[in-house]
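The two complexes that follow have chain A in common; it is paired with chain B in the first and with chain C in the second.
== the complex of A and B ==
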């Protein structure tokens, strides 16, 4: 808090003080003994998977939910009654969870904003000026007359933010504002928050389920199962778990993976790369340890780096004994050799110039790509980019308007039924029967896919072993935690030994531990069983796991390469990603923007920007900082993320399309 | 109460209802179609009952007897049959509702001065229709008996048929039906339908409108803002009361012009009483919406709390006076009964405030209780 050198800073009381907060629904404890404090001018993050208790805490702070124990104090007012809560509501803006759920579908963008303004008694003049400004910031100004229900997910969420901000609250509480939002809108979203922080010195409480957003916050609490397991600045939290992240490429990957797993708790395959978190070791020692373990394998490109939030989160969970101890799915490496090598490199899915029109609207425009057996292929894009339509055409649910699709060697148009028997499909909503047990669900799917009677038992056992469902066979599917339910859905899709697997947004809302287990199974399917896997997703962290990616935008594929190639292409086209650490990030960001780096963005207390000539930019920033008396702590290189790639690609295309229009 | 916020809420709600196809049809299309369906569907008058004849005598007298049935406007002659078996089939197929079997030697027996039994088979599926049919058959049979007797007396005593009639049936009942001279059931059904429709549709619309906001989360805009509870309830529900009041007028015009029901009362009084009634039923929907979490459950609860009183305790099917004491007590607990009195009184009896003020007062009281209860149950800081 307030450093003596900053003369102007008055050491003020936190805006929000929460002490010993607890809340139960019926008899289930949702939040248990949480403390936190939020200061002015701070973006405070609540990070945790679904069901961690984030929403409960936020609603109680917003004064719209009662609580059972502890104390919540907002703007010095103790929120313990409806009357007390009413006193602070004029100074708070609250946006509940769900894409555009708090908006009115039938009203236009402008009507929605006007309604919120009237509700909050914003004067006419203020409304006009604020509306103009916020609409421009969110780039919604072209759509003021469009009914809210016709907006894309990202636009809805931005409109929700505008509506929440229209009365200029001093504290804004945003419940999972970026869930299900495309990366470009996400960037916009953070840019708006940063601007508000700078101009109005507000405070924001923001929750997210994405670990990779942790760096956006100045302060954060990691939540799990109703408890805060760590609190502080992002770097401080990561530093709580000393250790090193080792990344390497090893062949054969599946064997290396299982060997590493026997020693290290956190090992995962991300595309071709293996990520190992070596707890308590310095960089060199960590690399040495990993190398010695993989002595029999061909190891390349091994390097060490600082751990990320997700690694820290999982390590903290297991330290606190919060991870469930059920058996992880085992990887049977012996099978690897039995696979017919000729299968490899054969095409499992071929899309050729696929087109699909809905009336005048071309949802899918000349989409071509190829997926090999044993490959995990990601179809990446925002909501409405056309991913699902491609999916439906390839699985034979929808007739293409033009082009061809071949799946498992069969033409989509002719051999409909034959294909359906060779593919597995897992939908976004996990099409399980909630009132049936795990075993009943698996058996049902086995019968639907006509698994032979004598093979039935063996297949069901295989699914239970592979999906790690031992011990829950007789529980109702609806009563299972999200992560296990999702593995069950995957198991059901695999029961008939498909050679091609379609996954539609498979890991939304699952905690990192559950997500890693899920991907373990997928890796096994791809590497060992040589299954071709096509995944649609708009989660960048999920995309990182794929061997190959196709990026969709407005019905077309605008990039088709491996994640690494995409990142390299980004560096080539837009420059290196630099991270600037300074003591006055807000002022620094403003100056850097003024110097011509309009895409510079604030990540917590650090600034990210792309620089084509890093050396020159370094000098430029150094001189700007000296002129303005800003202390520069460091400028370092960062590996661009897929989100950076996505944002850059989409923005470039948007600009190009705009140029064609005018 | 901040009038601007109330206006903002009401205006937003109004636009949503008009633009959302589902809500628009619930608001206007459903009440009008209900009026058509029930107005034409529920006819209590029993006329044109299809029947068949088995004449095993085929004499002049049997033909005379049967012609009394054939010529009646209450019956619809479907033809002669040859065997009793055919009658079973016809009734089973609902082609006819009853049949008359005249036995052999009908004329011979009667002329010889002995009594004879004519068999009538009546479909007992619908008790109400059955008893009506039975009454008609017995009446026609009586008429024939009287005819025979009159003829006999005329012949025997050598007097004119008029004199004989006076002698045979000296007492005549003269009936005058009040308020509904032609005893057309639609006259009473149209006003009763208004009661029924205006009891059901406003709560449906209101409950769905409020629960929808709860279900998708936009209610949090209200919870987290400075709008007071009263402002929210008034602003949110005002459009629903207005829509229902428009429906009052539409249904009223339909009752008069489509179903030709007479309206003898004071239109202004009836309109005001009806607005109070829909404000009251909107309150039912509001109360339901505070308990329901999903739109589906809101619909289910609304159906139960509105249809049961509307059908059983309103006087629509069973007059309140002929209920047992417990049921009468229950009937007084629901608003339907009071409005049935107001509607029938205004349409058929032409009575107004003077005679019906107690009913209006009961509805007002009901409205106040519902709204006050809802106000106290609605919280901006919720438990879950």
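== the complex of A and C ==
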């Protein structure tokens, strides 16, 4: 390996230059007039919901898709023909969308890597050394003989990355590499990319649908509906929408929520906290405005902070008039104030020592938790952690091997059928009939759940109003955009007015606007109708919405608390989260790692690390920077995210289990 | 009315209401699937029509002649190979060429007439001709062989009579057997009757398995089964509507086919009771749908299901007598035929449609189908319930 090049801000010619790019499928314009430039040593991000045109653009840059207008230049070569594309393909690594999409399910980890090496004509010696290094980096070295199909989602994706990197490309193009991947694997993924950037000075083009990954990029384009709506460094984009994020706790929440909604465009309930984006206001003025609006309520813990990418994205969309103008579901506030806190302490779901074995394998091990009516309870965990199995047992599809439980007041071992009549369920994959219309689907489920004939029309109307499905009643479910489909699925799950709702990864793949609207409905159900909601997710920004979380790992619950408590526990156990801002993040990261902070991670041009003694660590970092002549802009304190919590918890347990094995 | 009775009545109302909702859903989905609807329509109409148009007769089989005699007699024999059965398609100069034409499939029959053929006939000596037949298609081959031997035999007979001076009226003094057949049930021996009915029964067999299998596998493939399993529906309420709706579709298709094609085009007489025929068809469809459900539990997608349906269908058809009559089967296979539901169904369908038979005659077949059908159907239901219960 050559001498590491650490200069990444000094830029020569860009590696990729795209000008006025457009592409249509049949008559539908998929991408319209996009410009972008990617430099060496840069992770360039394409962020946008499904169908924004990210994949189309990436495929054209990888030379595997023709385009209609504009120009794509890669390594100085204009990609306008197959011959031109052939010339650059050897220097590019491309990983298409979908977990393990480019891999062979029946081949083992090692066989997959060897196959790609052969395809790319990598010499024997190079293969051996690269393979060893990449397998160690991805922590796949223990699984070299395992067939690809038996890997978890995160592992598949890491293997896909290894296969993409085996010929040491100078430009890697990764299409949604972290979609459907658990937070720990996502962290690994970013660590590998960072290391490559540092050691080989490559360039990477990475797309994602997760707004919270935006800070990982040096440069990014926000895409929506085939257009770039903003471009630049993450901070620059957020700065495009001046405003302040105000967070507060108000009681009763539902009332405060509807009051805020009447004035502000972006209001969201995240667990107990209300999040309001006040456009165009400085911190103090924003707090004052929010407070005056909620004069009648009991308001506490109000504070202001900088907006996040998602707030900026939604604000930019509405500025460009790109959000659809459907009205958000209205909340009946009169009712809300009456019931709030009435049923609070009744249990909707009780799981006690639930176990489930599949052969010799214990998928769920002594799981216990409780969900109250009106509570949104999140069950977190990576693929294969046992979330779905717990779900299946509680919904009566699967018999537990041991333990017991009650759902909606019914014994889950005995009253299977009664439970099924009392719960609503929405699965991860869209599991309604795509060849039936919205109305037909709702009616079918109303009849399956034996909604009385005279109430049928009223219930169907209620579902359409609550789920915001006005105007699409007679369209086929399969022809609807993802966000609306998920709301339809939720509506069908609510048609018989269940008091307990089970949601399995409800909003994966839905754009931020759609996700917020979805959660609005859930909040209404929980706060107003006192429905108990159990959600599984490995999507951390979804987890932030929950009132209470249980984190699963290897079939067991390893943490059970509110999001806030979890974050506090993290700070107690691992220290505070520090964010270091500098001009030379790659060099700085290396030095920080050498100083003993192995978990330090690169976020765009910033470095995150956990510090038990923040004062001491600050001094230590400052001295490292002065010794090496690196400019230090700032070291600031950040609130840890749930992703930080998840990663820390899982890593701690992983290490513990590894110790037990020896 | 006691409280308990009211509750049970409420429950049974829900039970039926759920069944009706699910059956309606199946029909709606089938109706939306344009490809499937077209396939079903095609199978019940054009496919049966084509099958009825197929003839098992020899039609203009190519005959080439190696005539080494070139005489009046040889020419007369040659000209007796006439359409519709045969067609003279040229003369060859040597035997080798004849073999070659057989090999290439250009000729079905090679007729070899030796030198001195006429001379020997006139002399009253036995004269031989050689006929070579391509029997790679056994039906055509045996028909060609039998027709040519009839032609040649007749020619020999005529030549003999002529030589004996027996012509015209004097023929009547010779004792001869007059062989008069009475052909029952299909007096004109129209192949179309047999073929179209046989094809219709095959179509019913395929669809009775394939439609419920496809409906069930589609739910698995698209993940919609999950949503049904967490609902209060019992496995029976999930599978029975599929069977019921698909049976309805098949009965409708059968009615279309019987009315439009069998009766309308081919004039099949429909001697027996049509209600009985549809009753039997419904019973048979139910039985076969059991196999369809079994297939759906074995396969993960539509392609696998289709493969399995073909695999299961083949022996059922082969052992049914649809393509070859039981009389042509070896004893072991004749015993195995009792395990093909189609065997009983064919027996009854031909009986009702062509012979006008009623239950008095067909009760044993009906009993057989009911017993075998129940076993098959319950087996499918058991598999389905085990997988999704």
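As a working rule, the second predicted complex is superposed on the first by the 645 of 662 C-alpha atoms of A that agree within 3 Å, B and C clash if a C-alpha of one lies under 4 Å from a C-alpha of the other, contacts with A are read in each partner's own complex, and residues count from 1 in each chain.
FYI, contacts are C-beta pairs under 8 Å (C-beta built on N, C-alpha and C of every residue); 3 or more make two chains touch, one makes a residue touch a chain.
Since the model is a prediction, treat every value here as computed from it, not as a measurement.
Peer 1: Figure out whether A:462 sits in contact with chain B (first) or chain C (second), or with both, or with neither.
Peer 2: A:462 sits against neither chain B nor chain C.
Peer 1: Per the contact definition in the header, classify A:440: touching chain B only (first), chain C only (second), both, or neither.
Peer 2: Touch partner of A:440: chain C, not chain B.
Peer 1: A:431 in the overlay: touching chain B, chain C, both, or neither? Say first, second, both or neither.
Peer 2: second
Peer 1: Which of the two, chain B or chain C, is in touch with more residues of chain A?
Peer 2: B
Peer 1: Which partner does A:116 contact after superposing on A: first (chain B), second (chain C), both, neither?
Peer 2: Only chain B is touched by A:116; chain C is not.
Peer 1: Looking at the overlay, does A:75 come into contact with chain B only (first), chain C only (second), both, or neither?
Peer 2: neither
Peer 1: Mind pulling up the chain A residues that touch chain C in the complex?
Peer 2: Contact set of chain A toward chain C: 395-397, 417, 420-421, 423, 425, 427, 429-436, 440, 443-445, 447-450, 492, 502.
Peer 1: How about chain C: which of its residues touch chain A in the complex?
Peer 2: It comes out as residues 14, 17-18, 20-22, 25, 28-29, 32-33, 222-233.
Peer 1: Help me check something: in the complex, which residues belonging to chain A touch chain B?
Peer 2: Per the stated touch rule, the residues are 25, 59, 62-66, 81-82, 85-86, 89-90, 92-94, 96-98, 101-107, 111, 115-116, 118-121, 147, 163.
Peer 1: Would you tell me which residues of chain B are touching chain A in their complex?
Peer 2: Residues 2, 4-5, 7-9, 12, 15-16, 19-20, 216-218, 220-227, 379-384.
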